[in-house]
């Protein structure tokens, strides 16, 4: 984050910066047919402490732990090397515990998402091991886009009694049009995952709109016998002036043993935002994801900050299983950026969930109103 | 803590400071009728890492995690805003994972308590959710006191399947008399807590004098069916020159379902201290709590540091329940402050516990001798 | 580590430095008779965040937490005092959560070991409480060696229901010969541990060569009834120019109740290394352990870094028990130090394990190829 000075050694060879995030949420759900879903909860979306640094111009590292569930969970932790191949082309190589480069929303940090939560494409067209894995990633950056390729095993854990699962992931984006005030974004990505014998549980319980309501999940029921997953997706969007739009769609096929059919997940999402205060959307043309906006008139300088209105429709369906399930949400939101790295977010979410099993089986709908206060440093 | 420089950005807009605490304890208990209570243990009272910072003069944040039980537990983690309403009156608003403003000892940090542990009022006239909750707090500061009001849900956790409990807390203190070398302190506080259906266990196991003897507890036995708690207390004390005294008393009523009577907790404590080396007690007139003393002649400058003698009597009773219990301790202690943020503490504790149930049922008494080495940075 | 500037307060009285380590591993085992052992895993050997600092010239502290198994585990956390007794003799006293001073490899940090893992002497001639304990340690440093003495209880934990175990440890080393380009190292150490009633499980599952294969263990089967352990060992080695050699041997006797014989562990290891690029081995004559090498021509300055070839033979035997077990490894390795605090390590390990019990009972052998990328800051 930008909220901290970067420390340099006297000879300028070393750089170092502490890192952290505090994202505090409160949310309330109402309108469900089930009392157990109409609950009000607080939660921390992220509580992070870490460091990043570098030596010279090529070597860099980062390590960050999250404490938001009152236990430590390691996030990004890697060492890397970056260099230029020509004036136009650069690359980096990183090894360690790596965050996926997968989908537009999925590649955006938790402190930079336009909504309280990432969309269904990012959250469901995903390897079983989730957003992180230990391994290596190569990225190449061109004037009009980037490509990445990674091979990773499991998340960091304490279990070494079985081989890791193996995931190969690739993503590319291009900006066929780009100006000082706009860009067109096209992206595609995919992954293939081979599941270890100890990781064959494919059960999904996917939150809709907010993670802080444990009863609000699109659920498959128990799904054993997974042997691998293959997923892919597409991104189409861009911005012109203060207005952005992004459409994403993806499909995942999870292979199962004993001649059972593939468990299929399909998801798509359409999102848009408008900076009322005239800022450009925080589109990062290097990575093809969102970062933090450059606020024109920060509150800390006596200004009004930046105000963004947002809207999203997203859908997910779990299919080809004994107990299929699906859900969708429509969200209206507002983001008030006090400066580039502090924000207040409010989301009003209409959701509909249809589960075939579980305590809330059947079709149900309702509303969730949730807010977040966040700072990244 | 004061043990670190504060980092500023080049333009002075950002400030940043790492935070940490190391409090290492060793203690031995003897004289109990039960061998299981006569044990010697080591422990870490606090092992903390964190950051604090600010942007401009109004915005500030803090995050700190504790590792003292060899697992991560999140402590204070908030973002806040502070401003002045007039030359005399200022306020702050904070949201996140907040430390209670509740009782004098309870509002004092673990690195600033005059004894190894806070008194029974702080430890037993407490919401079921404990010292921390996710929510918001407003504080107003006047020339002669302060008031605070907070509303919080549960602690940070990973459980989002049920609504949070809800706690409203308020505290005020005034200094009707105050001079350069003394102050009279009056305080009052209270809280009201509505318990979620998943948080109805009212069972208490309260340590007496030291937390590092798990067998030395005033215990209620299993107490189910809690629906809410209401607690309040009063503070009367002050200091004149190097001598301070503080009396606290409080009561908590825990409501139970099925027409069972309220579970009542009563506690009081009287404490005093004397800085032999002439320092003023570390009374903070802004918050109405103890901070770190200004040591006149620090050891690190070749001096003797500050030496404080302390004494305390405290009592707690769990009443109106099938298996009532009570206990008291009398403590003599000495604190040697090497400088303002490093200290060595020794406490000799005579304790008496009367439990109606559990492995150590019956009346029992004994002594605990415990010491701590601590640094805050 | 050296990868960070040290921060000083304006008056120079305080110093402060963040600390961290990222060690990322990948390893594959093949050639075993058991498929369950022929696995490929990733893992993080260390993921650490912490701080160290001091006040004046005498007082210092350090705190560090590890997140490598996706949970927090506290490592070194202490406060200390150091002073000189004469021009030649200095000492320090430390209290808190302390790393053993025990064996040459065992006293070397995880970021400085010549191989991916420490040798069998360090890993098996060890108190039941492991590498860390809460307590106090005194060290005295002479021109030609050092001695240390410590008394510690258990590791940091949340269990205070029973007395801690108690361990007394001592170690000494001398350099009878020493020049600018070489040293002869002699060392001896021992410990005596009295086990608490809650810590009588003596079962051992010791990894061979790599910790990231949970099936590759020299295992005793269940061993209850431990009442104490006594261990000791010897170190003989040194370096001349870029070549070093170190031999270690140790024995541990674990006392058992009910007149059962002592459980005996014997281990030895012979290691050697050669810096092809001409660096001196990172022998620290003050502590008698390895640190980080001074790389003559770092990669970050356009050089080649330092390259070291290594070899080791190690053996361990668990004896005098119903189901004895033993194992040995022969390792060839290479370390490429990009600069003093970043390294790439590769180890090829031939291992042989003979367990009397467990899923892989019988004699078995195979190979493990493992690599690590590491940075310390």
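Which chain is which? They are A, B and C, in the order written, and residues in each are numbered from 1.
The definition used in the following text is that a residue touches a chain if its C-beta (ideal position, glycine included) is under 8 Å from a C-beta of that chain, and two chains touch if they have at least 3 such contacts.
Please read all numbers here as calculations on a predicted model, not as lab measurements.
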Determine how many degrees of rotation, between 0 and 180 and to the nearest 5, align the Cα atoms of chain A with the equivalent atoms in chain B. 120
How would you label the chain B and chain C contact, same or different, if same means the shared numbers make up over half of all numbers there? different
How many angstrom lie between the CA centroids of chain B and chain C, rounded to a whole number? 38
Where chain B touches two or more other chains at once, the residues are 7, 18, 49, 65, 71-72
Contacting residues of chain A [partner chain B, same complex]: 3-5, 7, 18, 20, 22, 24, 26, 36, 39-44, 47, 49, 65, 67-72, 211-215, 299-301, 338-339, 342, 373-375, 377
Per the touch rule, the chain A residues reaching chain C in their complex are 7-10, 13-14, 16, 18, 49-51, 53, 55-56, 58-59, 61, 63, 65, 71-74, 77-79, 95-97, 133-135, 152-164
